[in-house]
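Worksheet for the structure shown next.
In order of appearance the chains are A, B, C, D, E and F, and numbering begins at 1 in each one.
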Amino acid sequence: MALVPPIDYEAASAAVRAVYDDIRATRKTEYINNFWRVLANDPATLARTWANVKEVMATGALDPLVKELIYVAVSVTNNCEYCIHSHAAAARAKGMTPQMFDELMAVVALANATNRLANGYRIDVDARYASPLAPAV
Amino acid sequence: MALVPPIDYEAASAAVRAVYDDIRATRKTEYINNFWRVLANDPATLARTWANVKEVMATGALDPLVKELIYVAVSVTNNCEYCIHSHAAAARAKGMTPQMFDELMAVVALANATNRLANGYRIDVDARYASPLAPAV
Amino acid sequence: MALVPPIDYEAASAAVRAVYDDIRATRKTEYINNFWRVLANDPATLARTWANVKEVMATGALDPLVKELIYVAVSVTNNCEYCIHSHAAAARAKGMTPQMFDELMAVVALANATNRLANGYRIDVDARYASPLAPAV
Amino acid sequence: MALVPPIDYEAASAAVRAVYDDIRATRKTEYINNFWRVLANDPATLARTWANVKEVMATGALDPLVKELIYVAVSVTNNCEYCIHSHAAAARAKGMTPQMFDELMAVVALANATNRLANGYRIDVDARYASPLAPAV
Amino acid sequence: MALVPPIDYEAASAAVRAVYDDIRATRKTEYINNFWRVLANDPATLARTWANVKEVMATGALDPLVKELIYVAVSVTNNCEYCIHSHAAAARAKGMTPQMFDELMAVVALANATNRLANGYRIDVDARYASPLAPAV
Amino acid sequence: MALVPPIDYEAASAAVRAVYDDIRATRKTEYINNFWRVLANDPATLARTWANVKEVMATGALDPLVKELIYVAVSVTNNCEYCIHSHAAAARAKGMTPQMFDELMAVVALANATNRLANGYRIDVDARYASPLAPAV
């Protein structure tokens, strides 16, 4: 049970309503989910978190569905029940099929297993992997 | 430093060589990275883990690059140094640009933050998210 | 649902009652919460854990409220539902205001995010941070 | 080793320099640590993360030293080497004594232990802890 | 609530039934628990996961009860509610006494605490521990 | 690099020496490993942690080798480099063979994978597993 009550639009301050309005406009839905309605107890965190989500989850080099899949992968690894449910729903709305969800779960499970094999055996990083993203000299 | 020494092809048993051969054929490279050469100390785990990776990371409903991004997301969340390096390199080889890596990191960081907001405030799952993947009745 | 039943004072052994009595005297309350009543199934763990809590959470260089905030931060990061509820209540009893809780959540979320940025980009520790607590030579 | 190279002030774009300037002005130091210099590879993440840190870590209901202690507690729980070093240094600069660090470590260790006792025994939350932050009726 | 419905034997495909049959034969019970019935939505993951479990959890250098205890230790550390319940039950069926469970919880709690002391103080690995499993030269 | 320097016997206070003496007597070795020598910077944590380790890791319903295997399983899951090295060495000294270590790693990897399958699919606990340790009524 949430430690603080969710705040409805009607009971919200102007600052909170401004965020709710932007969520509605951005997502093209009237629905404000519990995450935002609980964060509204701290308007600064509500505004900052929404600004972060809006910026990070927008279309970029990765498309929004891929970003949602990554979000679910992290949430499953951390076992965040709320986030698994809400981002699985968001991914579904953006086109995730049941088969894609199954493959996502399979990769997450595999990565969690091999992470422990690598850490447990204390495997040294291959020299060739040291800086895979560095620009070629 | 690895708890057990990596095993080179020349020193490997027939069972280990069979896995190495399949890795080389599947990945179209002669290089066998440290992960497999250390797992070779336990041929059963080597064979089982490679079979899992080969099956799970193949093209399916999700393409291999998306699967690598998910792998990196889990590895960063768990802080597996070996896996971050090796799968960032694998993702790069499959087409990940530096900008895609940056966006991946941004989503992973955001998800790790909001996971704790949802868990810390103990936010209740919205009724509409309860079973997002269930077939419509 | 707890794997073993909580043990009430009336049904407890002398060894368990001694711990319960000390909890009541130290906390100035008759209430023994579920954590201790379940641990009572293993009197050694009950006594050892209570001794640890009593020693570590006492006033020292850090005051008890700061210690409770740290406790909640760890519990949120690990997603321990019981511990979030019980230590948020303890912090509240020691003076934590709702605004302090909101700021605590904001710091916990931020740290969980930046932890992944630092780990994901594999950022090297600055030389000047190497031993911040070492006595000056 | 960082996956991308740190970016010095002299080599930075105007957008990155603006963040560096604000870090210097806010912290009253010329030093820009590796965290920001690596994030500078993604100016959007650099600017967003710095804005978050500046807002969340400022003086509020909790003082900046307490916020740094909480930051370290999370970083130790997640084992972020970079963050432990950098935030232990920051806490030291804000007045953390070695004794305070020792007590911080003791609380973090204790909480990580009791989190697992509560989760492992699946202890039910006491009814009285359900909503410790809810306004009194 | 599970994101996808469990699949009963009667409604299952031939591929799923083959796995169910092997689970029943291996475990000498008619009961197929929810874990397998939910994974059955993805027959490939069902078959692969069951093959892994059957191979890894079989008698080897470690006996099955010790393997179950290790399974519970990991599940408690990660806070997997389902896994704690199901593997505690499996361990119980293989001979785990309540006293053994209590000692298991005590070790898990202790290790989670000392892991953070070692990580938090950034304690250097003793030279003599570097490669404890390497064959003597 | 450790945040505080290790303390040698010769430089230690009487309180610290008393713990060192007990470690030596209990373990029948002159060697005091880095973990204790760093904790010695906080004599209260040194004494409390050693008392916990001595009590929890002693022979009981579980034998000391099984307890060390559980310790390693937790340390691998959390990625505590120091603890993996030191407890793998301790387990080796108590009779762990390389084959046992391999099987330990295989179980740890498997459990970390299935933990995420159970959490990701949000699988409901079977009614029969609800209280596997409760005494029969």
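A few points about this structure:
Convention: a residue touches a chain if its C-beta (ideal position, glycine included) is under 8 Å from a C-beta of that chain, and two chains touch if they have at least 3 such contacts.
Because the structure is predicted, anything quoted here is derived from the model rather than measured.
Chains that touch both chain C and chain D: A, B, E, F.
Relative to chain A, the chain whose mean Cα position lies farthest away is F. The interface with the greater number of C-beta contacts, when B-D is set against D-E, is D-E. Interface matching across B-C, B-F or A-B places the copy of C-D, with more than half of contact pairs shared by residue number, at A-B. Chain centres here are Cα means. That of chain E falls 19 Å from that of chain F.
Centre-to-centre spacing of chain D and chain F amounts to 28 Å, using the average Cα coordinate of each chain. Shared contact sites, meaning residues of chain B that touch two or more other chains, fall at 1-4, 44-45, 48-49, 52, 56, 77-81, 84-85, 88, 98-99, 101-102, 105-106, 108-110, 112-115, 117, 119-122, 130, 132-133. In terms of which chains touch, the assembly is arranged so that all chains touch all other chains.
Chain C contributes residues 1-4, 31, 33-35, 38-39, 45, 49, 52-53, 56-57, 60-62, 66-67, 69-71, 73-75, 77-78, 80-83, 85-89, 92, 97-104, 106-108, 110-115, 117-126, 128-130, 132-133 to its touches with chain D in the complex. Those residues of chain E lying in contact with chain A across their complex are 3-4, 41-42, 44-45, 48-49, 78-80.
Residues 79, 84-85, 88, 98-99, 101-102, 105-106, 109 of chain D touch chain F in their complex. If you check the complex, the residues on chain D that touch chain A are 1-5, 44, 48, 52, 55-56, 130-134. Residues 72, 76-77, 79, 81, 84-85, 105, 108-110, 112-117, 119-122 of chain A are the ones that touch chain F when the two sit in their complex.
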